[in-house]
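In order of appearance the chains are A, B, C and D, and numbering begins at 1 in each one.
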Amino acid sequence: MNLEKEKLLEMYRKMLEIRHFEEKAFELYGQNLVPGTLHLYAGQEAVAVGVCANLRKDDYITSTHRGHGHCIAKGAQLDRIMAEILGKKTGYCKGKGGSMHIADFSVGMLGATAVVGAGIPIASGAGLSIKLRGTDQVVACFFGEGASNQGTFHEGINMAAIWTLPVVFVCENNLYAMGTRQTNVMLIENVAERAVAYGIPGVTVDGNDVLAVYEAAHEAVKRARESRGPTLIECKTYRHKGHSRFDPATYRPKEEVEEWLKKDSVQRFKAKLLEMKILTETEVDKIEQDVIAAVEKAAKFAIDSPCPAPEEALEDVCA
Amino acid sequence: MNLEKEKLLEMYRKMLEIRHFEEKAFELYGQNLVPGTLHLYAGQEAVAVGVCANLRKDDYITSTHRGHGHCIAKGAQLDRIMAEILGKKTGYCKGKGGSMHIADFSVGMLGATAVVGAGIPIASGAGLSIKLRGTDQVVACFFGEGASNQGTFHEGINMAAIWTLPVVFVCENNLYAMGTRQTNVMLIENVAERAVAYGIPGVTVDGNDVLAVYEAAHEAVKRARESRGPTLIECKTYRHKGHSRFDPATYRPKEEVEEWLKKDSVQRFKAKLLEMKILTETEVDKIEQDVIAAVEKAAKFAIDSPCPAPEEALEDVCA
Amino acid sequence: MRQITYRDALREALREEMLRDKTVFVLGEDVGRYWQGAFKVTKGLAEEFGDERVRDTPISESAIVGVAAGAAITGMKPIAEIMFGDLSALAMDQIANQVAKLRYMFGGQTRVPVVIRMPFGAGVNIAAHHSQSLEAWFMHVPGLKIALPSTPYDAKGLLKTAIRDGDPVMFFEHKLLYPLEGPVPEEEYTIPFGVADVKREGEDVTVVATLYMVHKALAAAKMLSKEGIDVEVIDPRTLAPLDKQSIVNSVKNTGRIVIVTEDCKTAGVSAEIAAIVAEESLDYLDAPIKRVAEPDTPIPFSPPLEQFVIPNEKSIIKAVKEIVY
Amino acid sequence: MRQITYRDALREALREEMLRDKTVFVLGEDVGRYWQGAFKVTKGLAEEFGDERVRDTPISESAIVGVAAGAAITGMKPIAEIMFGDLSALAMDQIANQVAKLRYMFGGQTRVPVVIRMPFGAGVNIAAHHSQSLEAWFMHVPGLKIALPSTPYDAKGLLKTAIRDGDPVMFFEHKLLYPLEGPVPEEEYTIPFGVADVKREGEDVTVVATLYMVHKALAAAKMLSKEGIDVEVIDPRTLAPLDKQSIVNSVKNTGRIVIVTEDCKTAGVSAEIAAIVAEESLDYLDAPIKRVAEPDTPIPFSPPLEQFVIPNEKSIIKAVKEIVY
């Protein structure tokens, strides 16, 4: 893949934004500013960024309970995401959705569903809409390896396959669904093998290598855009933290965690960019400072924003 | 496969029983004696018989809306099946179930569900029960190719796979689900290919060749009984009649129907048995007459049986 | 006025709306050219609008609704058919947790203009998995509108309104109504949601009924009128929004109410209507509220059993007489 | 008497029944040794009984229930856990069409001794997909029993009864109740289904409440007693069978009833209870029936919004005062 410098830097910046955003969210959480729970995306940045770097603003994505990274990668604003996580009126969903239900329709982010697997047929539906409207948009649908055991995975992907819909199904295989190891709930090694059942291409990539993800997604997005149908991409990755706020993740062997931390996508991409001489150490610092400032600004916006008025609970519902 | 003469004759007889039973049901239906609808098994006899010939009485099966054949093959009585179809008190379900919900727990027939695909996880559950109780029973789970697009197929088979349950999943691929051709709703040629998704063996056999079905099921039942886990067997077959009572099945090309009628399993097995000199023409006639008499007797029993009393509608339900 | 069947009235509504708005399309199992719908409602539509807009699906109820939802939030107006209402259970998450909630959860960023059609009802001996009436499940889900026409006229007018509504509409039909004929104007019309229809005026007792039960209630009313009991029959036509006012007003006039629905009695639609009356017009009640519904059993197969559980003219008359003395 | 938490009471019931009957086993997502249940109810059970009897499943709600059903009709007594009650929508067909109907459909040839546990309820800011109270859906399904304990004592006693029952039992817990402490005897006991518990006696008004709302109702009763209003608080403890008699008797005494449930108001549990009272004890009512429930919206995330929709002491007091004058 021959990517322009600008593109590479943009991808690096997005990854950093996600990383710092998640660290900030975790910090605010510790300060009791985040109601409810949090499923952090830290560790999986290469997936959202590698995929979304192939998308246009008018393309769509669907997301999950672990969705902050998808939002940021698709171009949603840090401040309004953070405000939503804090339950503020200025959040994307006016505080009604929270961390598990962020959406930004203005950038084609069709929202996160917290019912594991439920977004898969919805993504296929967006694909059908594209086909019927005759545009060349595409949809990227994110979900975990745990979700691939849901009936909706089977039904939703099959429909996209038979109708040749422009959908890229992206399975983020972080080896665990809460405390459940993949090997405990499926006999196959790669979720991508399930593509066989639908007669579509399935590929497994190193989900901590943003360029590998980019490349696989590039092919799949091209295929989708040319009306050649869906692809199932599996990205092997790892979440840095526990499943959600309270989870110490003791079910993961220490060596496994260490090994994966060594494979951290942000560090690897940075090293690569330095090696390719696309970045210098000074530039690295500069970008990092920029990102940190942006995240701080977003946090401040969120903290300073007002909560919705209680009666707003009655708005935005019909009947 | 080296089957004893007796076994072969028993299989032939069962197939004939199903064929004549279905013809009789169709006839009674024409006489307005069958309430509701009817999904006839005629044409698919080799599947139920080829599979169930491998089962013991204490083994289980689960069935579908097209279940008469499964019941007969598993050893249920013709008279009580027919009585159920006619809505009589003497039917297996006392008239509460009808054609789509026949069950005979005394022979391990765990019942037919009319929700397409819903029997699949239930069969896995019976398999889990066997495993937990530590017996060497097995379960055969029948369903159509249409059902293989349901979420329950995916979830149910995956669970049986990961827990190494003694279940044989039997997909009766009769090419159509109501008016919907398989090729319209899945891109793959063989449903058995979906076994890959669960890391279990998948085999496709000629479902109109009872010995081929027997052989595939033999292997799968053995595997299950030895606690080596489930198998997905796909039997390519064809229903002789429309989907249900009113369906003229005009969506099927005439040549296709004719071609399949030539491959009729009952005729083929008869020819084979004659060729193998296991049967003589006289014996053939004799068996046929016996079977016809048995079916007539069952029909008479059903017709002569009383309907349930209306208030019985309130029985057999808790709370 | 010309007479057409309920089935044809529904088809006309679909056809006219598909002609009017090219974002409208139909999807479901066997709705296409080969089968034309289990109850033939979509007959001829695939021929006229093509297989893309009248789309056969695999047997995947959950994805049928999910796909409709995804298409709806990206600019289309899908009409999803679930072949039998009982099977809506397979799509319950997509209906109740996705379709109904996306607008709210996302703070109003999107709406979900989906119509989900399905037939309910017993009476044709197809037993426990093909005969239920499950309106109450959906009535309990905020974010869903519910229409349930009892006549060809209402069927056409309500379906057109449903398709034009920007929010999700559950559209419930009844198996026994498809062949029913009734007057339907040739001219375009729609019927607003939340407006009950008084199918018969009366002074002595209010009977609220839905779907096929409207006809049983009307037949019962006719018989009762011979005995000097004057029954008012109200058909809410939509359960969400529900025209409480018409029901309450009628009760204020008659002082008595019998609610007749085909679902199982406990926690059914009739419970909600009874509760509303008990909250809002208790002082006007001259007698206990009566509910006529199915007993709490699955639907049995055999005709005598099935007929025993379905509410009918007799059970309605009995209930009326128990409170009109 | 010793005090233990609701969570521990549930675990004791599971443990004792697993010791008593080796056909009892537990399955669900993350119920096993690694996570020990999303709310830690199954903590320690995998260690004691092994991974076979405390079985982690894939994320496959429909199959969890279906597998439980299949095991139940072949001699086992499965206890299936659905991690959040909202997700029961994914298993609705297996619950309502299979588990609930097999016994009936098959003419009594089998029974389905399954217990399906799940937590309901809002209050912890986890929004629309993890906060609902959906008891009414299941109350409307014949063939299901429903237990919903509000105290540690009831939790243990009802769960033991549920496990020993031969029919399917939906067992509803509440997220906020898990840490609640209360007296639970060391000795073996069970609580029969269909017997309401008067959590507080009173003369002026009957308040029927379930799950966490029992505690809000008791708190409201305490405040009201200071104003001279004497509230009787009845906890039905099981919705199917429902102890109608206790409710009706109390209303006959007080003449007033407020029903407090955490589900959405329309077509909720409170509607059924209101309807029963309107049918069976209308003559004793001195005031309209009042329902206190969630408004018809999904559960919002942000604390001020969420607190606005959950019924609380204030809304209960308001409702009581509206009818006690």
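The rule is simple: a contact is a pair of C-beta atoms (placed from the backbone, for glycine too) under 8 Å apart; a residue touches a chain by one contact, two chains touch by 3 or more.
Keep in mind it's a predicted model, so treat the numbers as computed, not measured.
Student: Averaging each chain's C-alpha atoms to get its centre, pick out the one most distant from chain D.
Tutor: Of all chains, B has its centre farthest from that of chain D.
Student: With chain centres defined as C-alpha means, what is the inter-centre distance between chain C and chain D in Å?
Tutor: 30
Student: Between chain B and chain D, tell me the centre distance in angstrom, where each centre is the average of that chain's C-alpha atoms.
Tutor: 40
Student: Taking the mean of the C-alpha atoms as each chain's centre, how many Å separate chain A from chain D?
Tutor: Each chain's C-alpha centroid was found; their separation is 36 Å.
Student: Hey, what residues on chain D touch two or more of the other chains?
Tutor: Within chain D, residues 57-58, 60, 62-63, 86-87, 89-90, 93, 97, 104-105, 127-129, 142-143, 240, 295-298, 300 contact more than one other chain.
Student: For chain A, give me the residues that contact two or more of the other chains.
Tutor: As it turns out, chain A has residues touching two or more other chains at 93, 95-97, 101, 113, 115, 149-152, 155, 158, 162, 184-186, 317, 319.
Student: Have a look at which chains touch which and call the overall pattern line, ring, star, complete or other.
Tutor: Complete.
Student: How about chain C: which of its residues touch chain A in the complex?
Tutor: The touching residues are 23, 25, 52-53, 55, 57-58, 60, 62-63, 65-76, 78, 93-94, 97-98, 102-110, 142-146, 167-168, 240-241.
Student: Hey, which residues of chain A end up touching chain D in the complex?
Tutor: So the residues of chain A in touch with chain D come to 35-37, 87-88, 93, 95-98, 100-101, 113-117, 146-147, 149-151, 177-181, 184-186, 251, 307-314, 317, 319.
Student: Which positions of chain B touch chain A when the two form their complex?
Tutor: 149-155, 158, 161-162, 184-188, 193-194, 196-200
Student: Write out the stretch or stretches of chain C touching chain B in their complex.
Tutor: For this pair, the touching residues of chain C are 29-30, 32, 34-35, 38, 56-60, 62-63, 86-87, 89-90, 124-130, 295-298, 300-309.
Student: What part of chain C is in contact with chain D in the complex they form?
Tutor: Within the complex, chain C contacts chain D at residues 86-87, 89-90, 92-93, 95-97, 100-101, 104-105, 127-129, 134, 136-137, 139-143, 240, 263-264, 266-272, 274-275, 277-280, 282-283, 285, 287-291, 295-298, 300.
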